[in-house]
Each structure stands twice: as structure tokens, then as C-alpha cells.
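Got a structure for you, written out below as C-alpha cells; questions coming shortly.
When the chains are written out, they are named A, B, C, D, E and F in that same order, and each has its own residue count from 1.
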């Protein structure tokens, strides 16, 4: 049996977390790695975009964002009706699951590259486009008929928050510099990517291990939710991709985007815009359950599903 | 060497409140503040711990007059105490110039 | 805005004691604590400075009642003062809720 | 458990003064000190903020007798207050041994 | 149109700074990157020196340092007479502009390598030599006829300050190890250089954006000063290079060295030796105006000027 | 004469330390580098193990660990009898010298690779095996006939302490992923190793310079001890290797392992289990004297000795 080392790094982190090892990744290293990963992903997308941008991308984008907007609405109803969650909590969790996780996306790319499966280079554009709308919908759901929204703070938090800024910034730099301009930096931003991701996942394992404990209230319901919803969303994603005529690799990436839950941009935005929501619930579910699930089982599962669809 | 008696107000809260306090404290009359990074645990932990690492608190210290102290404390409590991890305390201090 | 008078107990010690204190303080009745990273020098420096960089102290602050303060202080002193770099002090503080 | 009443002198200043204070404080009679990294704003900000990032203050705390406290404070004020960002305050504290 | 990605990284940092994004490069990462850049520049110079040291270098050095000593005197008079600055402030700013910026120098090297223009490898030696004298002159100007100077502290600050120590240390290590000895470290210290520089410039953009605000008093005068003086100094630099018979590439490097203003070594040294000078003025000018100007417009301009000179 | 750049980096750090330069490697960078080095060493060992594991390894391990257990006993008697140390201090220092230093081991590997001398890939397994037993023996020596031992805390500290966790974790990941699985990470974990080690040694020089001052009491005795004992232990190590039929490269590695003294795992473990021991003595000796000695003179000396043995 073959093991994917990146997943093993994640598991080592989990192990260190649950055995209460004194292993700690300094928070500045964590910050540095996340800045690096966001920039690298953006640059990669930008270079690809400069070479392979297609006419149909605009149409594809509109369809994908449209369908993606349904996700938080479904999640919200499930939590409110079935889960008996408070309105604010349901809305906040919906925003997390409607938005996306850059690291999960990176792992799907790594997964495809390991198997030599091609994919559309411009998928990174969808990553950027999908990050934001669910956050806005989450706030609207929380505030519907109640209280006023600090839209100014929220939009600022979202658009000038570091995830979007670095992704779009990287995208633009990659696009403007092109493949040749980026060449002297390829070593750092492209070739080192997988190694850096491995160290980042070690840390993510440590964090995820500490997050699972937070699912004290609503624990069972949320845990099941945090596995069922991603699978459901992934199916929606691959069907959308199939419909739009994306390649098999592209379908896996879109499925993974839909399935992934945000744990960086969404918590920050919700803490500002819906502060009465309990962040332990949303982060516990997205980071403590969904992220590990996607990394270890989800991506291979979605790949298998996509293969059936593309037979 | 002049001596003044002033209040030292200490606010321990989630790190994400830093930019907000930085804007609000001077507006409420604080002539300065000192911030240090901190981590901690309190009664509300788990229920509203918003940071996504344990190490996500800040300790904000403001030396100010009694009047300003009163104003800062009631502002911070009324605006943030319901939804954010927070603790506020104060004491008199001798300040030298 | 309620005011309570509480003790603020401060413990400055080697960073390696953090996990131990984190377990013991709540067990002794502390309802919360705040920790900041610190560095320093004291009388026992060199003789028992265990960290292997200068920057290896922590400052632990606990707001608590007089009874709990007494308990924390005597526990910390009796258990750690002989073999670890450590200093403990306290003062009254007004806490607002 | 012995109790002593001592002054806790706090100096918040530019980080670049750390090596100087480290040499001068013990020479003036301090038996120890604790330093934490801090950032902040004060009246002189902009006019003499020498660090080249905002996060460049330190907070130095010294527990000492009244006599030493007086000496430290007047030394620090006279030597550094004119040209460096700085604030000094103190209060009595109960120290346990 | 072609864009240089490194400049784009800098602009992304500026953008993040002025939009008050929450993007922050942890200070420890900034420190680590600057240690890395100083070492890498030193090593590169040392290896080159081991291979290409020439007899004329000593003579060249004396001429260059001699001419460079005139720079702070000119700057000082301009500020004192035209700008009506206080003596201490004028002296401190003169020290900043007389000294040099390692990062600006690195960008000029990157600029030449992008265009495949050769340059004398030993130029790095001049970088080291030019860092110090202006600081000493600045202190003399501030103290002339007044107060006593803490020469001990100052010289220690300068020679064992990390910039000089790492530059000279790297130079020596590179020289002693030679090209073959350094080979197993080339990947880290040479090939990764440009990528690391890009991330560093992202941070420099953030810092520069926060520094420009400090030019409140004397703002207009200082802003013009901070653009005119570098151009003037660069011309002095390229004439010196021409006179000494350096190559075209070498002339661009010397022009850039003369044009650049220190923002690491000089602030630290002036804070110790001339504490009554207001650092907001000198850092605001050197880091808030001159550095961005040199990065974005200056180096291409100096290159164009050098080309005219070397026709 | 040829200089090894890594040693020069270490010396630059020492120089910065004793001249009280303001050069400081941020502690988070130090932590990050040590995590990286431990993982990289582990991965390298794991990949080699997957390819070259031999039947005789189990037997070799038992012999090596058995002989290694004698080391702390010898050290303990020397300190107690000859050095008149307190029981706790003697036991703690014995634990440090019985255990091993991962960085010293890395340098021995680098030394062999520079000279193209082959070695057994599975030596890393012995590194892991030798880290622990001396710590247990140290505690037993300190507690013999007195007080009770907190074995729980101690064993947890040792086995889930980050050194062992990362070494074993890396070993397992390397073993499970194999050479091909690790390939996309080779750049980061293998090719960058030497450069990262160089920066780490710069910091180690700074730390070592600050540690030597701690040898105030017992200074002369301990300083001599900290040079004689490693040489003695190295001879024991190379004889063991010779006896077991290891290669010349393997013999140098085992000699270095025996000669090296722990300064990460041992101090942490002793502080928990034998807190009345004075850490300034053990760290002063192991980090202030033995580490520099091994890096600069020890390894070449052991290599010369091994060559005589393998003639």
C-alpha cells in the first residue's frame, strides 16, 4: 500500500495534539506559511490564467457562483430545522460551509499532480470567487428581520482580509509577470510548495486535534453534519463541473471547493459581523471534523465519484 | 520629578478587538495605551473563544484620569462584554514625569 | 457596571512550568488566568535558570478572591520555589462586570 | 510564607533601550527585573517614535524597596525622558517568599 | 508590457498598507528574511571576490569612499540652509542618505541579472565600505562644537550591528569556502534569493506605506528632497564608476548604492548617537519615499542614464 | 587550506555572541529550524530504511544500546568521585552525555557527504534509540535510595517531547512513503538541508557563546571533562561499530553519537524529573563546550581515529 506523505504529516500533527506533546509550531511560522501558500496558489493560478484563459470562463463563473449560493441556504435550513440551532449559529456555520478552504484545495491539486491528471489552470479563479458570497449570505441570514449589519466593516474585513488580498494579489502578479517573469521565483513559489504544505499540515493536525474538543454541545449532530454536508456539496460540485464541460481534474477541484469549509476567512468575518454566534461550533465542525475528513478520506472519495461520473 | 496619581485600567480580551480599541480608546480620552500579547482562560472559554489558537488574547493597559477610566470601562463593557471574551480591572498608580 | 474588589496574584516563573500551572490553578479555585511571555533576571539566576535561552519566563496573572489567592500563593511557593526560578506578588484590584 | 511590601516600578519604553537598562538597573540596586514585549501609543508618538515598526516597546517591571524605586525612577527620567518614548509608574505590591 | 514581479510584490504590500488590510508579516519572519538576505548577499560577494579580486580594487575603494564622503556634507547643507532643519535632524538625515540600502542594491543586481548584463562581482565590497563612513560623518556634523559623542557605543553599534556583521561575515565565509565549498548551500543562499526577496518586498511595501504618514512636518520639502537627492547622488555614482573604468553593470550598481538611503543601520546608529534627532523625519524620507522611488522608478532611470553615459 | 562553510557559520555566531552584537535569531525561527531539521533527519532515515533495512539491525541495536547504557554510569562516577559534584548534578550531567545531539549527528553526516564516504542509512535508527535510555538512567542515579520519581511525567516528556516525536514521526513517514512518495518534497527536506543547517549553526554559535559563561562554579573541571569524555566515548563508539562490522562511515557516525551530548531533550527531561540539579552546569558543559568542540575539532579527530582503526 502506498501512503501520501502529506496526509501522514497531518496525522503526525493529530497524534502530537492528542498525546499532548510539547510540539508547537510558532504562530509566526504558521502565519508565514499561510501567507506563502496563499501567494503561491495565487501566482500559480495567475501564470496559468495568462496562458490558458478561455472565453467561456465568465459564463462558467456566473453559473458556479450562482449554484454555490444555494449551498449556505441548504446548510442553514438543515441546522435551523433539523439541528435546532440558534439563528445566529446556523447562519455562521452556513457561511463557513458555503465558503472554501484554500489548503483543502491545494491538497486536491497536489493529489491530481501526483496522479498526473490534468486540470484547468483557471480553477484558482473560482477559488477566489467562491470565498466571498457565502459570507455575505451568512450575515444576511443572521440579520434577516433583526438588528443592523455593519456592512462597511464586514466588506473591508472580507476584501482586504489577508486571504482574498493575497490570493488576488498573487493572481494579478502571476498574470502580469507571465511564465517567464516568474521563472526566477519558481523554485521558491512552485517547487517548494509541496514541502511547505507538508509542514503546514503538521500544524493543521495540531490545531484540528485541539478543535475537536470544542464540539461539546450539539456534538453528535454537528459531527455527522460535518461529514454528510461536504459529501453532498461535493456531488453538487462535480455535477456542476460536468454540466459545464470541465475536465475530470477540474471536476475534482470544483467538488473539493464545494465540499471544503472555510476556517480562516469565515471565522474572522463572522466574529465581526455576527459576534453573537458561538465560534466554537463553526470552527469545531469545519476545522475539527470536515477538514480532516476531506484531507484523509474526502478527496479520494470525491475522485472516485468523479471517475464514475466521467466514465 | 512630578508625581500624579492615575488609574491604570487593564483590559484582557480577544486579539481581534485590537484595531477597534485602537480607534476607540483615544476617542474616549485616553492619551496613550500599551498592548501586550497574552493567552488565557476564563469563565466564557469554549462558549465564546473566538481566536482559533489558544494564544489569541491581548492585554491593553491605559493610564488615565478617573473620569476617563470610568468612560473607557463602561464603553468596553457595554459594547463588547456580551459577545467577546473579556475582563476589565483597574487600580490607582503613581505616574512620574 | 458592578465593581468587585479582588486580588491580582502575579507569578513570574520559568516557562516550563506553564503546563503544570495550567492544570493546578483551576483545581485550586482560580476561575481564569492570563499568561504573557517574559524574560528577566533575579537572585537565583545562573543557579537555577533552567531555560536554555534568556527569554524563557512567563508571567501568570490570576484575579481571584483573597481565599483563593492565599491558596494559590502557598501552593506555588511550597511546590516550586525551592527548585525553580520564581517570584510571586499580589495586590488588590477593582474588577468590573 | 513571608510577606514583604515592595514597590513595583513599571517602565514602558522603546525596545532599543533594553541593553542599556539591563546594565543600569542592577547597578542602581535592582535585584531583578522582568521584561515583556509591548506596543503602544503615547503623547510623543510620531515625534520621537524611534522603532521602525509599531511593535517596538518593552515593559520593564522591577520589584524593589522604596529607596531603590526612587533611584531607578529619577535615573530613567533624567537620562531618557527627553529623547526617548517612555512612561514610568509605580505602586506598592505584597511579595511572598 | 512586461512587469517585474518583485516590484509588483512591493506594490501589493503598499496596497495592503494603505487599505488597512489585516495582512501582517510577523516581525520574526521579517528579521529572519533580513538575516538571510544579508548573509546571501555577503556570501555571493565573497565567492565572486575569491574568483575575481583585482589589483585595482584597493585604489577604486579609496576613490569611491572618498567621493562618498562628500554626499552627507551636501545633504546636510541642503537640509540646514534650504530646509531650515534643526542641526541634529539635518545631520541624522545626511547620515541616512550617505549610507546605503542593501535591499535596494539587491534589486539592482536582480535587475541586471534579469537583463543578462554582467557586473563586477566585487561591488559587494563597496556596499560594505559605503555603509559606515556616512554614519560617522553624520555624528560629527550633529556634535560639531556641541556635546560629547559616545564613540564607543556608536562604533560598537555600527561594526557589531547585525548588518555589517552579517555582510562581512558572509563575505568572509564565501571567500574562505570558495565556489566549491558553497555549492551544497547554493540552493538555499543563491537560487532561493529572488523568491525570498519578493516576500521581503511585500513586507517592505507594508512598512513603507506606514512610514509615509510620518512626513507631517516638513512634508513637502522632504518629499521632494527624497527624490531629487537620490537622482543627484546616482549621477555622482555613475560618473565615479565611469572614471574608474567599471563596466556598465558596475556603474548601475554604484549609482544605485549612492542613490540609496539606509533604513536599518542608520536609524539604529543615530538613535544611539544623536537621540535628539527625530527619527520620524529620516525614516519617513528614506523608507517612505526614497526606497519606493528607487525600487519602482529609480533603478530603471539610473540604468537609462548609465546607458547614455556608456554609449 | 579548505574551510567548511558550516563551521564558519558557527564561528560567526560565536563571534557575534562574544562581541555582544545585536544579531539575534528570533526564537520562533530557531524553533522552526529545529522542527525542520528533526523532520528532515527522520525522513532521510526513513527513506533509507525502506531501501536498506537489514536483518542484523535488531542485533546491532541491542548491542549498541547495551554499550551506550554504560556511558552515563561512567560519567556519573567520574563526576561524583573526581569532581565532587552533588548526586543530582552528577546524575543530570550523566544523562546529558549519555544521550545524543541531533545537530552534531547531522554535521557528521554532512562531513561524510562532503568527502563522499558512504554510510549505513539506518544509522538514524540508532540516533533515535540512543536518545532515551540515558535519561532514564540519569533519573535512576539521581533518585537511587531517595525520593520518588514522577515516571509518568518523565516518560511523557521523553516520548512525546518534540525531538523524539519528530524523529520517529519523520522516520515513519519516510518509511511509509518511500523514495518515490517523498520525491516532490526532496527539494525542501533534503536539498535545502545543508543551507538550513548553516543558518541553524549561526544561532547555535550565539547560544553557545552565551552558555560558556555559566560554567562559573566547577568551571575548570567541567571544561576539561566536556572535552575528555566525548573523545573517550567516541572511541567506545568506533570500537563498537568495528566489532559489529559497520562501514567506516557508520563508525564515524556511531563515534559521533556516543561523543555528542544532548542539549534539547535532556535539559527538558531533567528539569522535570530532577529539578534540584543545576541546569547551568549541564547545559554549560554540553552546549558551551562539548558542542563547539565536536563541531570544530571533534568530528575531524574522530574521523582520523576511525581511519586508523579501519586501515
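Keep this in mind: contacts are C-beta pairs under 8 Å (C-beta built on N, C-alpha and C of every residue); 3 or more make two chains touch, one makes a residue touch a chain.
Nothing here was measured: the structure is a model prediction, and the numbers come from that model.
*Asks:* Give the fewest steps needed to get from chain C to chain E, where each step moves from one chain to a chain it touches.
*Replies:* Minimum step count, chain C to chain E: 2.
*Asks:* Average the CA atoms of each chain to get its centre, and name the chain whose centre is farthest from that of chain D.
*Replies:* Following the centroid criterion, the farthest chain would be A.
*Asks:* What's the chain with its C-alpha centre farthest out from chain C?
*Replies:* Farthest from chain C by mean C-alpha position: E.
*Asks:* So what's the Cα centroid distance for chain B and chain C, whole Å?
*Replies:* Those two chain centres are 20 Å apart.
*Asks:* Please work out the Cα centroid separation of chain E and chain F, and write it as a whole number of Å.
*Replies:* Those two chain centres are 41 Å apart.
*Asks:* Could you tell me which residues belong to chain D and also touch two or more other chains?
*Replies:* 36-37, 91 - these are the residues of chain D that touch more than one other chain.
*Asks:* Can you tell me which residues of chain F touch two or more of the remaining chains?
*Replies:* Where chain F meets two or more other chains at a single residue, that happens at 20, 22, 26-29, 187, 192, 268.
*Asks:* Each pair of chains that touch: what are they?
*Replies:* Touch list across chains, by label: A-B, A-E, A-F, B-C, B-D, C-D, C-F, D-E, E-F.
*Asks:* Where on chain E does chain A make contact in their complex?
*Replies:* Going by the criterion above, the answer is residues 2-5, 8-9, 12, 15-16, 19-29, 110, 113-114, 187, 191-192, 194-196, 198-199, 202.
*Asks:* Per the contact definition, I'd like the list of chain D residues that touch chain C in the complex.
*Replies:* These residues of chain D touch chain C: 1, 6, 8, 22, 26, 31-37, 63, 91-97.
*Asks:* Give every residue of chain B touching chain A within the complex, in rising order.
*Replies:* By the definition above, chain B touches chain A via 14, 16, 46-50, 52-55, 82-84.
*Asks:* Under the touch definition given earlier, write down the residues of chain E that touch chain F in their complex.
*Replies:* Touching chain F: residues 26-29, 31-32, 35-36, 39, 156-157, 160-162, 165-166, 169, 172-173, 176-178, 181-182, 184-185, 187-189, 192, 268 of chain E.
*Asks:* Over in the complex, which chain C residues touch chain D? Could you list them?
*Replies:* Counting only chain C, the residues touching chain D are 12, 36-43, 45, 57, 59, 73-74, 77, 81, 87-91.
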